[in-house]
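For reference, chains read A, B, C and D in written order, and residue numbers begin at 1 within each chain.
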Amino acid sequence: MTQRPVFIAGCGQVGPVAEDPRSIVEMVLEAVEGALEDVGITHQDIDAIVTASVDILDGLTASNIAVTEVVGAVMKPEARIAADGMAAAIHGACQIWSGAYDTVLIVAHAKPSMAPYQDLMQWAMDPIYLQPLGVDFLTCAGLQAQALAAGDAGAEQRWAELASARRAGTPAAISADEILASPIVASPLRAEMCAPMEDGASAIVLSAVLGKHDGRPQVTGVGHDLAPHDLGDREPGIWRGLERACNRAYSVAGIDNPASAFDLAEPSCLFPHEEELFVAAAGIGNATVVSPGGGLFVGHTPVVAGLSRLAASASAMRQDAGCRRALAHGAWGPAGQGQAVMILEAGAP
Amino acid sequence: MSETVTVTIEMEQAWRYASGTAMERFSEGLKERRIEAVSCRLCGRAYLPPRPYCGKCNIRMSSWTPVKDEGELVAWTVMQLPMLDGRTGEMREAPYGMGLILLDGADTTLNHYLAESDPAKLAIGQRVRAVWCNERRGAMDDILHFEVIR
Amino acid sequence: MNRAAIIGTGQTRHARRRDDLSQPELVREACTAALADAGIGQKDIDAVVIANMELFEGRALPELWVGEGAFATGKPCMKIATGGTSGTSGCIAGFHQVASGLFDIVLVVGFEKHSEGHTQTGMALTDPFWDRTVASGALGNFALSISQYMVDRGVTEEQAAKVAVKARRNAARNPYAHLQMPDITEQEVLDSKMLAHPVRMLDMCPQSDGACAIVIAAESKAKKYCDQPAWIRATATRHQQPYIGDIDHRLTSMETLRSAARSVYAAAGIRDPLKELDVAEIYEPVSYAELAWYEALGFCEDGEAGRLIEDGVTEMDGELPVNPSGGVLSTNPVGASGVIRVAEAASQIMGRAGEHQVQGAKTALATGYGVYAWADAMILGTAP
Amino acid sequence: MIREEKIQIPFVYAAGQAGSRFLVALRDDGRIMGSACAACGHVSVPTRSFCPACSESDLSDVELAGEGNLVSWTEIPGRGVFALINLDGADGALLHRLIDSPDKLAVGQRVRAQFAETRKAHISDLAGFVVTGAGP
């Protein structure tokens, strides 16, 4: 591993909001301008762009064509990763570590208000064995949750309390009792346990040269992984893929004891059981604060989620001198088939 | 060789696309046979389709420029294969002409159908004008096609 | 930047239909061949990059289903999708991941199974407010640009036909090529069915089912596993504005490819590409495009492309053989096509191109192209 | 301005070597086939080309019992009950549907395959599973 630093130099965010009336291009433009402004640079300072988007969500073939201008990719290098934005961020960090570029803009966007998300995601499922049965991401989440709940009488109450706690103090605040009274969407998961699907865009400037003097957080570890596609080929109660992704990142960052390594974790969890899977797979301890702002439970934009978690982690480090190391997480696919994490360490205080 | 099996799945899907404010104004204009471009105050290019941002200059745009519904044919082809017609979802019967048209007042070209489908009668540099539909919905297909001005 | 090289390549048999294999199985055919060519096992792979045009097969996030075919289960895996340049951009992504020092060996695989999808899905899902109701697909877009290019540069149908013939004659020496037409003549091309003036059936690429994989290794592993690795000396990517009409005289100007080529030549110390390159594998989806790329890539002055093909400069026995494999004109599984360009260029450097080997090839160029004038370029060489 | 646009496009997917063998056995013989890995011994279902446990491709077809244990399930209102079923003899679980499932389900409960009357080499030739007994 080269020792070239990668700083989170700046962030820009749009949403999450239930339905953004603007076009994807307008949303992305605002997020990108926000990120450039946060660093105090222009597009001239950006060497390359990595975007994250999924064609079927946008209803467009090669959906990054639409945003080339607003991400500043005209006559510039752009790589487009069709996965969670955290994968795009990892790729951008690789580009900088390789020495190919000094400063890379990462952009992710999605508008799930355009079409029913779960219907679209059936097209991500094995078309021979699974899609014809109507299996979607929600089906897989329900199966995973039930496998956990089956031997655990207190699980549903605990999950309701967790989802309630995450939303406490936000406009989406709701009691555990109200959550348990909400309708089943995929047993044992109830409507109010699920992260609400919302529109959004996120932009992050990664740089080897910008941000150092402002004490911006530094990326010290990355890891990603792809688990078997079919839930029947996985252990449903364990996120092995995330374990592998974290172990790779810990190895890069030189972390031997994750239980005491992190002040903050910002997971991309869509359901409370996923947060329990996250905590177990990442091996984080009680001293780690998880999703202090509510995480995705106050609004989840697919594709953008991981990048928004990265931005939340960086923002916490810039505001709180006591937050020295954070674990940010993104996931994609059925029941977390794709996993990606990034470790951030605070800059000089 | 053993039997090979296929599985057919029909994608029947609808998306709700947001136009953005520039395209909304443009589309409303089409209903009244009005074409407007957005121009960049740095490079001066008048863009069709109108959009919020000049990707060459990396700057927001907000200045509108009227564009005529006639211009110059800068590229043409005659399609000899039936192709999917985005307007009807059916196959569009061949032959039919297609052109890139530089409308008077615009700096980027517009791709559209041509009334003429005889390759011998098409040439770069010809003047063409829009033939509008009587019923207009505020979309590009409010223009039926472009005809050569003889 | 850590040095990296390609140490193995693998392709499927490409064909109009590969009904015999599922998408993961098709991908596995190419990956298994690439690992065998590199002399490594699946455990040696640290990470996987997949390239594919997902909506052509109606898929979302296809790596989720197909990844198992690419040995990606339990490994880091991500998918690159940038339209026509997906394959070359996937190779560049794999290169950056190795050059970062994060991984020692990355497997890159591109695939497309056009036969499973709807050939015009790409067109059905263009910008709904602009192109969708009045678009003519990739074919019509090319034809429009070609009408300008012919006027701008005085290129003739006969010169384009020579490109089409060269591609198919080269393909006849490539066992993996989809179209096998060893006896094709210029007259046959000129007599073939007109698709969209001036583009005839034999001017156009086919639609293929197929996959192609390459193994990229860090310096120490490259030297361990390969006698003559194909070192990646320079890469460049350029994207463009989002509408066809934004680019004035697209084929004639081809600003992106010109800029990408200048960038990789400068990085590799190449001043006269015609003389200093030994072989080029360029992404030419239509015969006329190859002529335009000669100019954009600096193989000749603007306006001289027709003479270049007439003089046989780019034939197998010419000064700079272009597309010994038969090119995209002979094989086009879109997501794989860019990987094929890189794999073929690498095979030439490694001396493993079989009957279409250019003897003594030391420096090779591979390029990628997308319909919206996006471009990739990569220089490979026998030395880092 | 919001505009709704619809597409309707058929896609035809090749089931491939493993998928074709599985679907033909389902249609012709009402048999559920799995794959045993020569490299690691893992038995997966349905038939695979690549071992989900070790990625190797040296697999042989094995016939599995039409019965097994419930691993997990989820009811989606209006769409029925999906389940993970560990068929006797398999290591991995099969993701499919439950038919007429009782209100109370438990891990380890016995289930049995039910086949469609007319079969067409499609995953729905296996209509689903019925619960036949209590859990262990």
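Note that in this section a contact is a pair of C-beta atoms (placed from the backbone, for glycine too) under 8 Å apart; a residue touches a chain by one contact, two chains touch by 3 or more.
Just so we're clear, the structure is a prediction, and the values are computed from it rather than from any experiment.
K.L.:
Consider the two chain pairs B-C and B-D; indicate the one with the greater count of contacting C-beta pairs.
P.N.:
B-C is joined by more C-beta pairs in contact.
K.L.:
With chain centres defined as C-alpha means, what is the inter-centre distance between chain B and chain D in Å?
P.N.:
48
K.L.:
In whole angstrom, what separates the CA-based centres of chain B and chain C?
P.N.:
29
K.L.:
What is the distance in Å between the mean C-alpha positions of chain A and chain D?
P.N.:
Roughly 31 Å, centre to centre.
K.L.:
Averaged over CA atoms, how far is the centre of chain A from the centre of chain B? Could you give it in whole Å?
P.N.:
Roughly 37 Å separates the two chain centres.
K.L.:
List, in ascending order, every residue of chain C touching at least 2 other chains.
P.N.:
19-20, 22, 58, 68, 73-74, 121, 123-129, 132, 241-242
K.L.:
Would you give the residues of chain D that are in contact with at least 2 other chains, written as numbers and ranges?
P.N.:
In chain D, 2-3, 5, 7, 9-16, 19, 23, 52, 122-123 touch at least two other chains.
K.L.:
Quick check: what residues of chain A touch more than one other chain, meaning two or more?
P.N.:
21, 59, 68-69, 73-74, 120, 123, 127-128, 132, 228
K.L.:
How are the chains arranged in terms of who touches whom: line, ring, star, complete or other?
P.N.:
complete
K.L.:
Using the touch rule from the top, collect the residues of chain B that touch chain D in their complex.
P.N.:
My answer: residues 2-19, 23-24, 27-28, 89, 138-139.
K.L.:
Residue numbers of chain A touching chain D in their complex, please.
P.N.:
Spelled out, the residues of chain A in touch with chain D are 21, 59, 127-130, 132-135, 138-139, 142-147, 150-151, 183-189, 228, 230-233, 236.
K.L.:
In the complex, go through chain D and note every residue touching chain A.
P.N.:
It comes out as residues 2, 5, 11, 13, 15-16, 19, 22-23, 44-46, 52-53, 71-77, 79, 82-84, 92-97, 106-107, 122-124.
K.L.:
Mind listing the chain D positions that touch chain C in their complex?
P.N.:
3, 5, 7, 9-19, 49-50, 52, 55-57
K.L.:
Touching chain C in the complex: which residues of chain B?
P.N.:
1, 4, 6, 9, 11, 15, 17, 19, 23, 27, 47-49, 55-56, 74-81, 83-87, 98-100, 108-113, 119, 124, 139-141
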